[in-house]
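There are two complexes below, and they share chain A, which is joined by chain B in the first and by chain C in the second.
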Partner chain A sequence: MDLLSENKRAAIWSIALLVVGLLVWEFSITAQTLNTGELTEYELLTGAGTAKAGVPPPSEVLVKAWQELSNPFYDAGPNDKGIGIQIGYSIYRVLTGYFLAAIIAIPLGFLIGMSSLAYKALNPFIQVLRPISPLAWMPLALFIIQDSEASAIFVIFICSIWPMLLNTAFGVAGVREDWVNVARTHELGAFKTAFTVVLPAAAPTIVTGMRISIGIAWLVIVAAEMLVGGTGIGYYVWNEWNNLDLTSVIFSILMIGVVGMLLDAAFGLLQRRVAYTE
Partner chain B sequence: MTVKSLGNPFSKDTDLRHGQGCSCNTCQATTASNTVQMSSDDMLEQAVESAIVRSVFGHSDIGRRSFMGMVGGTTAAAALASVFPLAAAKAAILDNLGTPEKPDLNIGFVPITCATPIIMAEPLGFYSRYGLNAKVIKTAGWAVARDKSLSGEYDASHMLTPMPLAMTLGAGSIAEPYIMPAVENINGQAIVLANEHLDKRDPKQWKGFTFGVPFEYSMHNFLLRYYVAEFGLDPDVDIQIRVVPPPEMVANLRAGNLDGYLSPDPFNQRAVYEGIGFIHILTKEIWEGHPCCAFAAPLSFATELPNTYGALLKSIIDATQYASNPDNRSEISAAIAPTNYLNQPVTVIEQVLTGTYADGLGEVQRVPDRIDFDPFPWQSMGVWILTQMKRWGYIEGDVDYKGVAEQVYLASDARKVMTDLGYDAPAENYKSHMIMGKSFDYNEPEAYVDSFAIKAGD
Partner chain C sequence: MANSFLSIEKLTQKYPDGKGGEFTVFENASFGIEKGEFVCILGHSGCGKSTIMNILAGLSDPTSGVVKMDGFEVSGPSLDRGVVFQNYSLLPWLTALKNVTFGVAARFPDWTKQQVEDHSIAFLDKVGLSGDAIYRKPSQLSGGMRQRVSIARAFANEPKLLLLDEPFGALDALTRGTIQEELLKVWSGTDQTVFMITHDIDEAILLADRILLMTNGPLARVAESVEITIPRPRIRTDIVEHPNYYAIRNHLVQFLGKRSAELAGQPSEAGATHSPETIRIDKTGTAASDKPLLQAVKT
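What follows is the complex of A and B.
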């Protein structure tokens, strides 16, 4: 029975599920019978000779994916760019907003985690601001910042700041008292203690917060771009929705999933690097 | 022409809130002294001055009048002229255009056929003909178009004809003086119902329906309200009107979120093409020749970049005239259908622009003027829109109907450009309109509002 390791068996199961799923999908879509005979003018005008908008079978999505991915960087004007360029815009926005948030959240989290006074003073604000859906900020951001690009980045900033802030505070507050006391007996200054003792000890929790944040940021960018338009993977989905082109919509959903997975995997790697066992 | 409606903004005796036909006691007392003859240029000048003075005083007319009374009108005029280039503002369009100061422009558009002239001017080279390198940028909806225009991301934008009026008045927006020197299209909208309502062709049966319109400050909203009210339905009580961005109309109709919509094309025709809905009536049957979309910009665009503004207006009006010729419509359909512009099947766009279309009821209709293009911004249209905004409670209090319409709808700019380009332009700025058999007298806007049985606040 144990001819194969568990990992290999899991991989076989994954592939089997994928194949079965795709086959069920493929055969549950009844092919549209196109009227190929003589068409009346009315039939022509209502598009009887062409396919209607509908959910495509996976084979069509694959063909679409091949077309788009074989030429990902074309630029046919400000409203029609290749999928690679669109994803590039989205990643740029996500990373900019995300790192701005990290610059503020991590030091502030340190402060909150090390000082219970700061924690108590700031906690009410954090609790009120944290549950706000980031998109609710969009109208305000557009109005005040007066720039749709910066507004999208601001929305990413505001949504990715909270998990990082809270996890940093939690991680810093949870560093074992003994270790800090040891640092004190060695007469280390506050900054030296923070960087050489607290930071490495809290790093796994902090990186977990960063990993949650990047996931949320990637979720939010799609919605934000659907709202303001222009460029990005969210705009791509919206533009194809206008045209009821579900093949392109499904293709872009898959691309969003793949990019999100890669971003998460990058932080997973980082997480393993900073992990330690006591 | 008398200018009671364009009171001298530097006088403490005039009241800028009241229109020409106003019969309140204050107006009766001052009419005699203020009624003077004026040329149309002088009128435009005074309209612009009036707009600026009113915006300086935050539209508080009492504050303005007491200030003018204290320091004297001439002093105030001089003080204001020192900070705001009045002379530049008055001549919205220059007599002789020079090289555009800023050839690289961003122009916003919402992907609908109403924007045809603005969109086609790029692929068919109308912008480059007048020395401009303009990019047209697709926008998700009207609220975003408004905000991107206000923030200066767009130099000029495709808007709905009521929007520059509402923005100038600060209704549903911050108050910013806007100008609308050209209308894009006339007609070209329709009421679409979902196929399940095939048996409900009488609007009296529409109680409880949910309708989509593209924006609150849109002809679509005002025409739909007007239409159902004529059949005895109160649009605020008997039906639900929901704002849905045009591109999302078809998806919402299919999902059953909407029973119908009054929306711009190609989304009416797209509903038929997808077999989801049918065309109940075209809006030209409500008001033959009604305006719909427009080309608008902040007043500051025209004052700060007069040569650019002039060149842009020329390209827009030239493109609009080109689009009004039915022979060019097929070529235009092919030019604006790609992903970069409307992103729609060519057959759908062609049916809208040529007027030979399937109505979703099994017939092929031939209505060549289903959509038409006419750049002239009739100020009487502006007055009508303001009466409907008043009627449905979007604006309150005394409205200077003509003053606002004249300040925003720059008919004289359109006339000058049309004449320069060799097209026929109307000699008048006002005309009367006929909407569902009821005539609209632009001289009596307040009486017109009062004449409706169904309106807000009753």
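What follows is the complex of A and C.
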């Protein structure tokens, strides 16, 4: 075992845990369904013997996943679209709301970080608006915007703005005075200082905020789509629940996790690019 | 003094003492620096050396008094006054070379990219940095190498006045010695005016044309201006043999050890100008006399 690196040993443990977990899940469910035995007449009349919708075993989920992923982009009407299309809609909404938030949050964060007056003036609003659950905005958004698609994007916008705003402000305010003095002694103007000194110095903190935001946005889009309906992975989960198709529900839950992980990993890469050691 | 290249006139710095009163760091400090001169300022912590440096750099404003360079009053930071900070102040996300080109590009906006880079590489080479090292980030360089980059950045900009704020304070003694020599080498090829803060007496004697001595704060003042009567080029191992070396050194040690405290804390009469007393110690050519020749000239 000592011959293997820690990473390899960890991978072996992960696979072992996965296999054991799946086996326990598989056998606990088959044991349940086998426990029917001889039925009394009463039981037959009440329909106890018919197949009950239960939690599916992992084997069924895997078969479902294979079917869905081998043809992810089919479109057979409003209630029957491939998983790729549903996830595509969700990602589109998340990214639209997210980048709108970034366009506002990052410059505003710069302002708040550079000027203590702006910080003091805006802080009460931020503190009141920030703890509001993004879904609480949904009725108001639906009423004002009158469009479910745009309302979902608005909800993503409002939930991803806060971590980016606060982290940008925090990062900008925390830029070492020495570095700002370097800019001052080199007679850099305000914009040049902002782009060549403050932005790279604060970038790691800003990107951390962006990473937190994309995570929250992906959490919120599922709930938002359950409310607005029509398309998206959140709607898909809810629709399959209404169909009592738990295999699809479990499959889509896993897909939500995988996409969330990929989004986070993308920002992890960006974070590594802007990192520096003092 | 008013005709000096750099003249500091009646500089006073006060801070609120937190009890509603005022705390005077120094008052009516006045002195001048000539073009091409290398001047060190020595004094205990808290006497306001760094405050004077920040005022000269334009990074902070004095409570009263003016600083004139080339006859014009200094206000705000400028590329004419380069600063080497104690903690190097390199931008950690840029390579050593980029840290220098950053400054050069700001100083000479008309230059092409190639000109900026060649100029920067030349100055890095002067402080002994070349090859691979200049493409590394500051975090991958030793403290001594970082300070070399910082010195190269300042000299490459060819400012009219170069301000060094305890540039070797954080370095070990051996590295400090090498970089002092490199600093002398870079400086001697120019007519660069340098004003440097230091805590190290030997460093000051090695580098400076003149050493300004400050009394302890509060109410500190620049009490003496000691000329270093040791000819250049100076080499560390040779100057200790020079007859003036220990005479000057003793004078400085005596000042910092005793008189800096004795002279401290005297409030000045209104409107007074505190100019330093010029001290010239020269034992060469006076071998016949046992007494050191000590001239005190009030300017």
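To be clear about the criterion, the second predicted complex is superposed on the first by the 256 of 278 C-alpha atoms of A that agree within 3 Å, B and C clash if a C-alpha of one lies under 4 Å from a C-alpha of the other, contacts with A are read in each partner's own complex, and residues count from 1 in each chain.
Here, a residue touches a chain if its C-beta (ideal position, glycine included) is under 8 Å from a C-beta of that chain, and two chains touch if they have at least 3 such contacts.
Quick caveat: nothing in here was measured; it's all calculated off a predicted structure.
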- prompt: So, does A:V197 touch the first partner chain B, the second partner chain C, both, or neither?
  reply: second
- prompt: In the superposed arrangement, which partner chain does A:V182 touch: chain B (first), chain C (second), both, or neither?
  reply: second
Message: For A:N79, using the defined touch cut-off, is the partner it touches chain B, chain C, both, or neither? Pick first, second, both or neither.
response: first
Task: Have a look at where A:W238 lands relative to chain B and chain C in the superposition and call it first, second, both or neither.
output: first
- prompt: Regarding the shared-chain residue A:E6, is it in contact with chain B (first), chain C (second), both, or neither?
  reply: neither
Field: Larger contact residue set on chain A - chain B or chain C
entry: B
Query: Taking the contacts chain A makes with chain B in one complex and with chain C in the other, which residues are shared?
result: none
Field: Residues of chain A that touch chain C when the two form their complex
entry: 178-179, 181-182, 184-188, 196-197, 200-201, 203, 274, 276-278
Query: For the complex, which residues does chain C have touching chain A?
result: 57-59, 76-79, 81-83, 85, 87, 89, 91-93, 102-103, 106-107, 137-139, 157
- prompt: Taking the complex as given, what residues does chain A use to touch chain B?
  reply: 41-42, 44-47, 50, 52-53, 76-80, 139, 142-143, 146-148, 226-230, 238-244
Task: Could you pull out which chain B residues touch chain A in their complex?
output: 111, 135-140, 143-144, 147-148, 150-153, 247-248, 250-251, 270, 272-275, 338-341, 343-345, 347-348, 351, 356-358, 360, 362-364
